[in-house]
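Before anything else, here is the set of structures, which you'll find just below.
Two complexes come next, and they have one chain in common, subunit A, joined by subunit B in the first and subunit C in the second.
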Partner chain A sequence: MGHAKKEFIISEKERLLEEVPIVDEECDRDFIKAIIEMGGGDVQVCLQCGNCTGVCPVSLKTENKIRNIIKMCQMGLKEKVLSTPWVCATCHRCYEHCPAGMNPAELIVALRHIVVRELGPPPFVVSISNNVANLGQAIEISDKILDLRKKIGLNEKPFDERYRSKAIMDIRTIMRATGYDKLIGIDLGD
Partner chain B sequence: MNSQTDAKVGVFICKCGANINSVVDCENVRGYASQLPGVTFSICNDYLCSPDGLSQMREEIRKSGVTSVVVAACTPRICEKIFRDNIEKAGLNRNMLHITNIREQCSWVHANEPFKATEKAKNLVKMGVSRAKTLVPAEGVDVELKQEVLVIGGGVAGVEAAYKLAELGFKVHLVERKPMLGGNMAAMFTCLLWCHEAPGKPQSLNFRFGTFPACDCSGCTIMPKLNDVITHPNINILLLSEVKEIVGHVGNFRVKVLKKPRYVDEKKCVGCGNCAVVCPVVKKNEYDYGLSERKAIFMPYQQALPRKYVIDKEACLRLKGQECSACLEACEFEAPNFEDHEQEIDLEVGAIIVATGFEPYKPRIHGYLGYQEYDNVITIMELERMLDKAGPTGGIVVRPSDRKIPKKIAFIQCVGSRNRKINAGYCSKVCCMYTMKNAQAIKEVHPETDITVYYIDIRAVGKGVEEFFHRTREDYGVEYTRGRPARIIEDKETKNLIVRAEETLLNKITERMYDLVVLSVSLVPSEGTQELASMLRLRTSPDGFIQEAHTRMKPVETSMEGIFVCGCAQGPKDVPESLAQARAAALEVAVLLSKKVAKAESLNAFIETEKCIGCGLCIDICPYGAPTPVMTESGMKMKITEALCKGCGTCVVSCPAKAIHARQFTDDQIFSEIKAALEAE
Partner chain C sequence: MASIWVIDTKDARTAAKYGLFYGCIIPNRYPGIERSIKVILEKLGCNQLFSDIPQATCCPVPGIFYSSDKETWLALAARNLCIAQDRKQELVTFCNGCFSSFLMATEQLSDPKKLGMVNRILKNVFMKYTGIPRVTPEGRRVLEPIKVRHFVDVLYRDIGLESIKSAVVNPLKGLKVAVHYGCHYLRPTERECIEDPVNPIMVDEIVASLGAESINYENKLDCCGAGGGVRSYVVDLAAAISRDKLMNIINAGADLIVTPCPYCLLQLDTVQERLELTRIPVFHITELIALALGADPRRLGLEAHVVPADEIISKYGGTK
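On to the complex of A and B.
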């Protein structure tokens, strides 16, 4: 008896993992208009040549390559675009190479705007924004670092408190004036 | 001039089926028109431009004896000539017609407001009637049509047009900038009949690759044609020549051609090549795209026709003032002539055919596709020259870096075409096919070569072309990869090239190594097309090619009467299409010139000589070059050549002395319209 042949029958479990066809109801043709209004450029000019993906420095790190995202936008697959992860360094290399004269990087920026407006900001954006509003910098300095600084004989704080408090006031003013605080949901007090 | 009182006007209103009638109440307009002073009758017709409508129109004109006619229908651009011809047939002067556009100006633009559209149509008809009463009969001038033709460009299209016209008995002047005829097609001479000498054993000896889809050798097909042209008694070939100046109008163009010196007597030279053997100067041959070397006295490529040598003025030692007469000593026939000089040739022709063709796009993006940066990135035209048995590499494709035969070749499509950043983003139409052809040719000579074609879309339309595409993939095993290469990186040691692209159908990024990369470059208008177009007062389309008069209905006519366009000067196209268009252009010229004398439309400007102050403003402003200064007893005066004038009226408004008038659009006539428009009901 040789090895048992692998059966080419899809099991119930595998069937559940099968891809589901995209149906008409998922296609929201108004999505293109929303993207254009957000400054995403004309999505329709893309002819799917794949040049943007080829030059993209992060396209190897993501399943959803920039060309796929543009195609999804063209089809109006709003839910799919907004719910799947995409990575973009906003380096604008795709814009330099695009033969159709489109700007895929601007499309990504527009999508970011749409996501924040529709689904609210991602948690890390909220925490970073809070840090900026309260500390004047994106990342909080951990106790470990402060101890280390003390140990090797540096000033405990790497900045001058007087200037920092002024900078924080300025940042808060900008946030209020632009409505950023309300959009992200940061409580600035008063 | 008719006095306003005894003018009798007939009004014809066209319903244009439902096109006008569904919005404008034509019967209402008819009733209104019949009440207008001076109107003898008004009639509605379903389709006025149909044979029935026209014959009804003629009958009514004859029966009623009207003196002028108002037609309320569509745009004069479409129907003016038909109606003018028709009233002429009915016995009226063709000038006694006014067209009121109630389709474009009423029913089309005010489709949602039928009442207002009808009122507007009534007003327009009233204005038309008022002007029709002031019209005066006029005869167009007779223009004698010169029975000679100028063909600019000696490529396959120009040669074909010249030959057909010469056969019809017209004297043809064929002007070509290069020292040989045949243009780009002759440079694609790819006869692989002898390819058994090539290192890789070919699959068949009968394959010849010059043009697609039949893969016949372009040299073998164009040479008999060139020979016919060279020996034809009716064709005057002007090589190394450029058109410098053109004045005149349809039937009578005066052309100045500058013929540059060849420094070799064309009559004496037999093309033996003894001179080139002894010439001490060596330069890169631009006709082989720098792949081969040539002497200062040279033949552009071996099969160039006519087989006459030419001396490069920049390179020749003798012409630079040094002592050298090697070629002269070597020549049995004393053909080299260092005293040769530029000539200015004046021609008088009745019509012009522009066939200036194309040139391959030169990729300029350094570091992206690496052309002229990496040795082994070449364009398709360089490949064509390599595949030429009589070309720089003897029919074998080699890597320019080390002259080795490449094992893996990548073709990259759409270089310079379908790119809005470079030009208007047009598709060059032939690149898909010439890539297939060359891929097949390479596979014939070296069957073991791996060929990949990177493409965006394959646009293989036309007779036999889809089958040609099948053959490339199925019989020759060429791989097609969908995705535009993002960049090419060179391996510094081996000079191999890494092509990075997305395989869009797999959704994966690929980085594949090739020995040679061939860029399938687009076709761009040949150098100087823009200058020539402005000299001939032709329009060019956004892509830089010469614009035909009407995209669908007038494919070879241009915006200038008497000037025609064919071949790649009008846009990228393949050889059969160029030939078809060349023959069409030749036919148009023949139809035009066969009349010997033509009547120009009487829509033109005229000058009241006594009022003219000779300021010359009209000369500067006229886009057609119609006004010319003449010396009279009372000083400098302007004169308008009626056959040149298109009646645009620009000079009329520019004239400070109010000396120029537009026939059919005099102040009286226009004011009568305005007055009617402002009149209270």
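On to the complex of A and C.
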């Protein structure tokens, strides 16, 4: 890796700069409604000033500019937008700097909801959700850490065994009640 | 409805003021932090005020749950809040992510519609979120939302720098520390407002109270790059963002990075394997405090760190 070289990780730029006019069929008029329904707020209030992009750590490193994403949402370019929302650190810098009171981070969360429902969840969401359903925690513990815990005088198992099965049962019950198991594709057995 | 936590009745009566919520990364990746917390509370003589919450589960992590289904996220978070509520405790977190998740949850549960929705779900596990009943000075009965605290805030405001200072036995003289606060400690400002979001000082002052020097560096309040699923989704992007941060820190001449968030710690520590940079150890603030308070460094679990801290331990490890 070169010193202080500007790196572009994901390039939407070429695709966006293709001189292909946007045709009407590409624009999904209901997209904004879906975004609002998912709690993303009204993207129409965005002034396209670009303040969010200027402070966004992701926009700084990629061609995934948050202002562009918002513009594409305004135009209803759903297909173009659905490849972008997991590339956001939810750091809320954009929100703090937005003169229109938009919350681009919440918009991104709404887009994620749409992606999960229409294209399916990305693999890491499935695996971490499964961990929580099976272990009560997002992270699996390794033998090395189990040994280390013992060595430094902690309970070997991080999760108190007296409560573990009840806690996991609770989590699974909640996931069933909200339909999360079906949404993500978690097999909770019977 | 009575809680099904039968074992808890005794537990709740003996519960301390603060419930320790370790989250997922601390016990499963950097257990030395858990150990450090215990050491600190003992050395400061306030361990009776704190107790573990053995029924707690993942907060749940917002980058996964809040991002895929808000209802499930809120119900799972409320389950943890209910436990603190039954124990009448403030919920103390050591992670910016858990802190943010719980703050957001308590905020959303103040909306009666969401509260009703969540309680309908929690009924299935025999729980109900109400908040903690209190009587105001005027004699009015009110239900207060669970207090969610970041340990840094508890240390700074409730325990106080003077107590820490007077408990230091290994002053970390000459140690140059770069403090990384992390995004979810600071933003969004109307929620995470434990201190000035553009000029936070609490971790810096804690570092100084240990005898070390908190050095300034460019873009101190920038993101580590890992949050919100970026680390899981495009590991190269997270690494590229971390790299900028690490370069600034190394150029500023720091010996050590200190953060109040185990997720930022995980990122800044593990990412150094793939970057061609000078390696610099990354500590959770509790590990640094434990070291200064005279904990046996061999029992701080520092071998869980990718970047070894041997040099710092041999210099500041005190009486071994």
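The rule is simple: the second predicted complex is superposed on the first by the 149 of 190 C-alpha atoms of A that agree within 3 Å, B and C clash if a C-alpha of one lies under 4 Å from a C-alpha of the other, contacts with A are read in each partner's own complex, and residues count from 1 in each chain.
The definition used in the following text is that a contact is a pair of C-beta atoms (placed from the backbone, for glycine too) under 8 Å apart; a residue touches a chain by one contact, two chains touch by 3 or more.
Owing to the predicted nature of the structure, the values given are computational and were not obtained by experimental measurement.
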Quiz item: Taking the superposition as given, does A:P21 touch the first partner, subunit B, the second, subunit C, both, or neither?
Solution: neither
Practice problem: Could you tell me if A:V58 is touching subunit B, subunit C, both of them or neither one (first, second, both, neither)? | Solution: second
Quiz item: Between subunit B (first) and subunit C (second), which, if any, makes contact with A:A177: first, second, both or neither?
Solution: second
Quiz item: Given the superposition on chain A, which partner contacts more residues in subunit A: subunit B or subunit C?
Solution: C
Exercise. Answer with first, second, both or neither: which of subunit B and subunit C does A:G189 touch in the superposed model?
Key: neither
Quiz item: Where does A:C49 make contact in the superposed view: on subunit B (first), on subunit C (second), on both, or on neither?
Solution: first
Practice problem: Enumerate the contact residues on subunit A facing subunit C in the complex. | Solution: 1, 4, 7, 9-10, 39, 57-58, 61-62, 86-93, 95-96, 103, 105, 108-109, 112-113, 116, 121-122, 124-125, 128-129, 132, 136-141, 145, 148-149, 151-154, 158-160, 162-163, 166-171, 173-175, 177-178, 180, 183-184
Quiz prompt | For the subunit C and subunit A complex, residues of the former touching the latter | solution = 7, 22, 24-25, 27-29, 31-32, 34-35, 52, 54-58, 60-72, 75-76, 79, 121-122, 124-125, 127, 183-184, 187-189, 197, 222-223, 225-230, 232-234, 236-237, 240-241, 243, 247, 275-276, 299-301, 303-304
Exercise. Please name which positions on subunit B make contact with subunit A in the complex.
Key: 368, 414, 418-422, 425, 456-457, 482-487, 500-504, 507, 509
Exercise. Could you please specify the touching residues of subunit A with respect to subunit B in the complex?
Key: 45, 47-51, 53-55, 59-60, 65, 67-68, 97-101
